[in-house]
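Just passing along the structure, written as structure tokens.
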Amino acid sequence: MTATEPSAVPFSAQRVRGRFSDRAARLASRAALALVVLILATLLLLILREALPALGSALSAEGILRADWAPLADPPRFGLAHAVLSTLMVTTLALALAVPIGFGIGLFAAEFAPAWLRHVLQPCLELLAGIPSVVYGFFGYVTLVAWFERYGGMATGESLLVGGLILAVMVLPFIACTSAESFAAVPRALRESAHSTGVTRVHVVRRILVPMALPGLFAAVALGLGRAVGETLAVLLLAGNSTALPTSYLDRGQPLTALIATELPEAALGTAKYHALYAAGLALILLTVTINSVVWRLKARVMRHGG
Amino acid sequence: MAAEITQAAPAPGFLPLPCGAMRSDRAFTVIAWGVGLVGLVLPLGILGFLLIEGMARLSWAFLTEAPAGFPLGSAGGIAPAILGTLALVAIGLGVALPLGVAGAIGLVEYAPEDSPWVRVMRFGAECLAAVPAIVYGLFGYAVLVVLFRLQISLISGALTLGLMMLPIILIGAEEALRGVERSLREAALSLGVSRFNVVRRVILPKALPGILSVTLLAAGHAAGSAAPVMFTASVAFARGTPALDAPVMTLPSHLYYVVSEGADLEQAYATALVLVVGLLLANGCAALLKRRLAR
Amino acid sequence: MDSLQLLRKDTEVEIATAAGPTAFEIDELTAGYRERRVLRGISCCIPERRVTAIMGPSGCGKSTLVKALNRTLELMPGGAVTSGHVRFRGADLHGPAVDPRAVRRSLGIIHQQPVPFPMSILENVVFGARFHAICRRAEREAYARLYLEKVGLWTEVKHQLHESASRFSGGQQQRLCLARTLANQPQAVLMDEPCSALDPYATRRIEEHIVELRDEYPVIVVTHNVGQARRISDYVLFMVDGQLIEAGPTAQVFEAPQSQLARDFISGRFG
């Protein structure tokens, strides 16, 4: 309690309330943080531990990077080559489509669209981002796959092409929103002075907006890449789940995530198959961490621009 | 060199712009509008497709009955899947929300600003938020199902989803707390009350819409992903109310099983619609909260 | 003679004889942002090859007016001219066949905050000129030099033409922006509080340039600084609350203001 009389009570003599609760809160929040760190460290270490046995001879002809997936062979081979290639192919296709369109939408939202349209476009993109992976898989299955079966002259419509197309739709909102943000972050004054020299919009975009937004655009691509690589259910349903090495986009394939989803329920603990699947998981983690550090750095640069 | 350049005499009226530039500008504008329309048509088209196809097959019985028929899911409803998804997310949030918010308070209020620890934690959390959902499935399987012998059960799946939501909530809550004006914090602290009191009475209420918003987003994300629960919690069929130590059905994995069996997709349309509408409601609420916060 | 009448439209002939030919004719101009009307019927004439200062308390619409004069007002969110006309040397700015970009190019503007573009100094100067095909690629260094000399930057930057302008001081940046505008070969120069972000020394240099520009262009300078208006301008428009209160030759307005508001503003009791 504070002194009620004006007489001089030395500060040290005044009792301060809340010392205990403060200390408790500090302790609790630190404990929560420590728990978070602990859980996350366990996650990394555990997946690393389970993956290690498969990493030993990764580069040899029998290792996970070069061999094929032949669990019934003698001895069985658990190579990830087909999965890595499938992941590369669907991701490349998805980004090749989603990056130009996503940048276009971002630019449109930041520079061309009237205010009311922008307020419609934003929730639409959020809607696209909010639809879960499995629904995209289902949607692709009943539209694109059915279409390819009927008109594409293919026995089954599932293919890397279909997987890549749907994946493009899935990463589109992330690329569009991130690029729209970085275009919009270009200072108004800069835009206005550029326009006040009487040049056309395309000139302002090319000479001012794109150079200024460049780090953000890179971040958008990196973000889309991370999403595309990690998507599971859509490619599981659409890419065809074939363990053969794909040779074209019309082939069926099995990206890393689909491989894990298909095989883990049937992998006995501690077998070579089990370890190979965790190695695939480790590859996904390493990739996302790398991408994230790139995004982290780019974001820092964007912020410096803004400040 | 300089002498060769002469200034044009002021001409009356306004000089026309270069012709090529005008043409490219017009083409560019047309393309930008075209691409912008794609951004409108694509989401509305997909939503419209699901709405039209799904509404035709949706009924009250579908929402309240268990699946039936052969192959399973070709008749009956999806009640156990709805219950299972809700139970998974609710228990997962019960773990992730307190941990995430407490961690965020620790980072914002009880750590020195700009300390390297805060940066490391943020970076770690952002990486984890970006790790694919299937990796959480791998982790949940190895630790919860195998190591802790929880088997494939509601609790394993809920904890896995909780782990997946944790970094998202941690980052979101941290941003929401940091978004509270510095002046507010300083004014409250200058009254000599404890920091915890300030957090509880001033900062948290102010940041609450932001925290709720990100919690809804994380919950929607978790409710919609099948990958982490496929090895930890879900089975093709479960009956009755979900129990902690028994496997459950979930909406996304149910949809996956029905589609991958590929026999009868009639019911799948309605399942997809229920899932999407549920998630859109959650996301919509999150967006509304965020907008309220911005004002 | 009533000085308020001097620049008013109905006595256009008088001002043409009194102050030389007219550059801008502004006729009942109203403009604003979305629902907010900022300019409420401005009518006046602005003479050729003179410095005309627009002054008034902040928020009176002087920036809006100068932005309406080269159609950059439309770039602001919701900004638009709602009625009235602006003619420059007889050509209607808002005429149906007039491209706003052609107007912006011909009537250059300098903003309050100097904004160097994110490119080299050289590219900054020829940004608009290259676009408008005024200078060829091969001669852009010589071309840029011409305008950098004009604003007194050449000796300071001749060895760093290919570096970014972001390390410039505010005054240097503003002179770079002036060079960029002049390189567009405009027919008039508009300035929106060009010195309000600068220190007194840099301000003086810009003011010297303004006075020099008078020989070639009609110059309009928006300022809230009474002293600056007195130092550099030949004519003064005094605005309050979106309306023109007083107009006339600088000496006349400062020595014998007609309205109480202008008298108070000049003496520092208001604004």
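For reference, chains read A, B and C in written order, and residue numbers begin at 1 within each chain.
In this text, contacts are C-beta pairs under 8 Å (C-beta built on N, C-alpha and C of every residue); 3 or more make two chains touch, one makes a residue touch a chain.
Nothing here was measured: the structure is a model prediction, and the numbers come from that model.
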item: Topology of the chain contact graph, where touching chains are joined (line, ring, star, complete, other); value: complete
item: Pair with more cross-chain C-beta pairs in contact, given A-C and A-B; value: A-B
item: Between chain C and chain B, distance of the C-alpha-averaged centres to the nearest whole Å; value: 50
item: Whole-Å gap between the CA centroids of chain A and chain C; value: 49
item: Gap in Å, rounded to a whole number, between the CA centres of chain B and chain A; value: 13
item: Junction residues of chain B - those touching two or more other chains; value: 17, 21
item: Residue list for chain C, restricted to those that touch at least two other chains; value: 101-103, 105-106, 131-132
item: Residues of chain A touching at least two other chains; value: 198-200, 203
item: Residues of chain B that touch chain A when the two form their complex; value: 17, 21-22, 24-25, 28-29, 31-33, 35-36, 38-40, 42-44, 46-47, 49-50, 98-100, 102-103, 105-107, 109-110, 121, 123-128, 130-135, 137-139, 141-143, 146, 163, 166-167, 170, 192-197, 199, 220, 223-227, 230-231, 252-253, 255-256, 259-260, 265, 268-269, 272, 275-276, 279-280, 283-284, 287
item: Interfacial residue positions of chain C with respect to chain A in the complex; value: 70, 72, 75-77, 101-106, 108-109, 111, 113, 115, 117-119, 127-128, 131-132, 177, 180-181, 184
item: Partner chain C, residues of chain A touching it in the complex; value: 115, 187, 189-200, 203, 207-208, 211-212
item: Chain C contact footprint on chain B (complex, rising order); value: 1-2, 4-5, 7-8, 10-18, 21
item: Of chain C, residues touching chain B in the complex; value: 89-91, 98-99, 101-103, 105-106, 131-135, 139, 142-143, 145-146, 185, 187
